[in-house]
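We call the chains A, B and C, going by the order they appear; numbering starts again at 1 in every chain.
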Amino acid sequence: MSQPVVSTGPTTRQHAVRRGVPERLRPLLLLSPALLVVGVFFVGGVAQAVLQSLGRQPFLGQTDWSFDAYRATFADPAFRASLTLTLRVVVLSTGLATVLGVAVALLVRRHARGPLTTLLQSTLAVPHLVGALCIGLLLSPSGFASRLGTGAGLVDGPQDFPVLTNDAFGWGIIAEYTWKEAPFVAVVALASMTPHVRDLEGAARVLGAGRWRRFTSVTLPLIAPPVAAASVLVASFAAASYEVPRLLGQSFPATLPVVALQRYQDTDLLVRPQAMAVATIIAVLSLVLVAAYLTLVSRLSRRSL
Amino acid sequence: MNGRWGGRLGVGLLVAAVLLPVLPLVVWSAAGTWRYPDVVPGRLTRRGLDLVLDGEVVSATATSLLIAVTVAALACAIGLSAGRAIGLYRFRGRRLVQFLLLAPVIVPGLAVTLGIQVFFVRYGLADTVLGVVLVQLMPTVPYAATLLGAAYANLDVDYERQARTLGSGPLRTFLTVTVPLLRPALVTTALLTFLISWSEYILTLLIGGGQVTTLPLLLFAAIGSADRTAAAALGLLVVLPPVLIVLLVARRLRGRDDAWMGLARG
Amino acid sequence: MTRPTRRRSAVLSGLAALLVLAGCGGDDSAVGEETAPSSDWDAVLAEADGQSVNWYMYGGDDTLNAFVDDVVTPRLADLGVTLDQVRIDDTAEAVNKVLGEKQAGRTDGGSVDAIWINGENFATGVQADLWRCGWSQDLPNAQYVDLDAPEVATDFGTPVDGCEAAWQQANSALVYDSAVLDDADVESVDSLFAWAEANPGRLAYPAPPDFFGSMAVRTVLYDTIGGPDSLLEGEPDTSSEAFTDATAATFERLNEIEPSLWRGGETYPQSQDDIEKLYSDGEISAFFTYGPGAVGTKVADGLYPESTREAVPSVGNISNVSFVTIPANAAHQAGALVLANVLQEPEVQLALFEAAGVYPAIDVATTPQGVQDAFAAVETSPSVLPLAELLADARPELASAYLSAIEDGWVAEVQQK
């Protein structure tokens, strides 16, 4: 090994290393494995779903572009029923999770913060698959709630208990999302209730603001951006997750992800473009929500500066 | 006084609402016969326990562990590299990278995986553990990159510079200086990516084709079957590790909403 | 019991053409060169030794899963074949998988070695040219199977052509709680519906295209038109007057009874598993099954009440055979052939009858005397209908094309209304 490098000292050696990769390209190099994963699987997956929804099935040699899959999808009453159901589930679960989550955060902040936060965090860790099982065992016509109702003399039997799982409205799905996601919103809201927020609330109290007034004009505006961002996450999840509606919903009408998989698993491969059309609709819906999330987050960081 | 009682009532309601759905799960896992409308089972059984110790479940547990550990390790490695770029560099296209790294965390995998499944089949990756590991990198790598990017942003690079000045090579500096400094974030990232993989159902089903049998697949089948004792016992087996992990990392995560983001999607 | 087949056999002629255009079809000769011909059984055994067979089958039946583990797996292991039972919810998933492989150009080394199948799923595969054919008559144990019997030679109207080997027989029956319904109530579909109207909420069937729900609807259809005969002659034609009139009358009856069904018909159970849960919870008191033999175990396990009984209403029972098929691109075809042969072994068929109450697909009269005696000696639960009574009035299945049309029609005319 040549001496000169050593003789010029360690800083030069560092330079020698740096010289291998120009400084400008280093972030790209560092990012390349992650971008490869995201590029191939995510961007590639979305692109393939779009292409296949337009009739370009790989390895089948089709060359015609067409909107037939979208036309067939939108013309199908089953799809329209499914879109209505999906939107209902998204709006109700997100709304309930947000309102309950904020209420829980306010409650937890005042009482026994440590143990209750841990309890909420444990709920977050429960896989949705297990959550769906729990809600099923609790709310099905012969479930635990119905048994308690019978014991208390409120319910005459399974037939008398309201249909809350595998129902047409989607109550079971909404219950599961709310049970799992309200703690998520609560954890985010708690994290945003910093000592700074508390100081401002104290100041408002000194100025004579009542409890409700303090909440609406001090606390809520301060925690709104992160809570809204969390709600966006809840909404996009509710729109695009498969297991919960598959287990707690009906096969007709089913939410969009269930419809996508039903079409994908149809033994008529010619239905696959329709599966891809539904998948594309879900992806677009979610990506719009991602953009909304990023906007909220950037507004939040500007505010905190 | 009034407010205090109201608060206690609220806390009681909250605890009940969180725990009530879990109660039937626990009871069913040990219920032999539990006829309607009994509120407690007529007979208890250890069948649930036997089932969890059954060869099929044990081997699915091993598969789940293998996949989750591999995914967590790969996601951390790739995330360490990407996190450095995100945390320490200002470069053009940073917003685009952020978007690309956020989108897969938010857009659930079903919509995306349907499009690429045919390529996994074509190249012999379908029905293999390798294929499942690869597809699970999609939700975990962006998450790891985001968490570790935040950790890098708080890293004092002077320590690295000093080590390099003292003659330590890049790899050695990385292993003896950078990794120890990032250790808390790294442990958290590893545990949370493990957890995402452990809970994953639909990607494993689509790419594993039913031949790569992880615990969530067994659980899903059990939920569909008429055997509620089996489903509940498996459900407990699936839920315990995540809850333990979260209790383990909870203290570290307090106040870090970005870390919870991935968790809400299990 | 009984495999769920289902879901559209919607004609795939277009698809088959596409596959050929794409150069993905026409692989049969290549496969033939690689794997032992079924006519040379020693060569099949030699090649199978050391293979691992992926058998895709409906996995929701625990009794049957246990039978596979306890009886089939060890016998295959003795022959050097490892059995991997891949449990699926719906047989269509396996067919879809083979189709997907074909689309992706996997003409060999396919991951599905064998599928438990019949009906629409089999027909779909025939149309797309997915199966290896001309082998089932070569299995050594095919000597116990009456290959000329109509239910073995054709599968829901599709000729079998040696593309699949029989292994189970299914017969429909009504399961009911005799503490709630009496003999007169189960005499006919009419008396059953009259009972349901007097006792609303205690009868249910799963939503077609569920395999069992589809059978329940066909039971009503058979009853409406006095048996399937008018629809069995000639090529199936779903636009024929005979068929459209039959379905219209059937859906009308089903809509009439709907308010008296479980939950007033606002929602239908999703699967037979859901139906069985409802029965064991005491929510419903009667349901149709394809697996009457398995009811005894459920009663013995305490899942069903002691007073559970079975009946074949006057319409007769709907009977079919289910099979094992081998995809033409399967990686382990010799092993799959050995599996199909083991499933037809008289002792295995006997064990299946004993363990799960599944009726044999082989002709018991052709088996060794010892096996015949053992079959006769199997004790049946008082809850289970004796075989002779069950089989007294067996009716064949309709063609797959009719099944798809009935299922789609039910969704449009009954569920969505």
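Here is the rule we go by: a contact is a pair of C-beta atoms (placed from the backbone, for glycine too) under 8 Å apart; a residue touches a chain by one contact, two chains touch by 3 or more.
Note that the structure is a prediction, hence the values are computed from the model and not measured.
Each chain gets a centre from the mean of its Cα atoms; the one farthest from the centre of subunit B is C. By number of C-beta pairs in contact, chains A-B lead all other pairings. Centroid to centroid, with C-alpha atoms defining each point, subunit A and subunit C lie 39 Å apart. Note: centroid distance subunit A to subunit B, computed from Cα atoms, is 14 Å.
Annotation for subunit A: residues touching 2 or more other chains are 58-59, 142, 157-158, 264. For subunit C, residues that reach two or more other chains under the stated contact definition are 93, 100, 103-105, 277, 281-283.
Counting only residues that touch two or more partner chains, subunit B has 36, 118-119, 122, 224, 228. By the touch rule above, subunit B contacts subunit C in their complex via residues 33, 35-36, 117-119, 121-122, 124, 126-127, 209-211, 221, 224-228, 230.
For subunit C in complex with subunit B, the residues that touch the partner chain are 54, 56, 59-60, 62, 84, 86-89, 93, 97, 100-101, 103-106, 109, 111, 271, 273, 276-277, 280-283, 302-303.
Contact residues of subunit C toward subunit A in the complex are 7-10, 12, 14-15, 18-19, 21-24, 90, 92-93, 95-96, 99-100, 103-105, 120-121, 124, 201, 207, 262-263, 266-267, 269-270, 274, 277-278, 281-283, 411, 415-416.
Interface of subunit B with subunit A (complex): residues 7-8, 10-11, 14-15, 17-18, 20-25, 27-28, 36-39, 77-79, 81-82, 84-86, 89, 91, 97-104, 106-108, 110-116, 118-119, 122, 134-135, 137-138, 141-142, 145, 164-167, 170, 195, 198-199, 201-202, 216, 219-220, 223-224, 228, 231-232, 235, 238-239, 242-243, 245-247, 250, 253-257, 260-261, 263-266. Subunit A meets subunit C in the complex at residues 57-62, 77-78, 141-142, 157-159, 163, 166-168, 250-252, 264-271.
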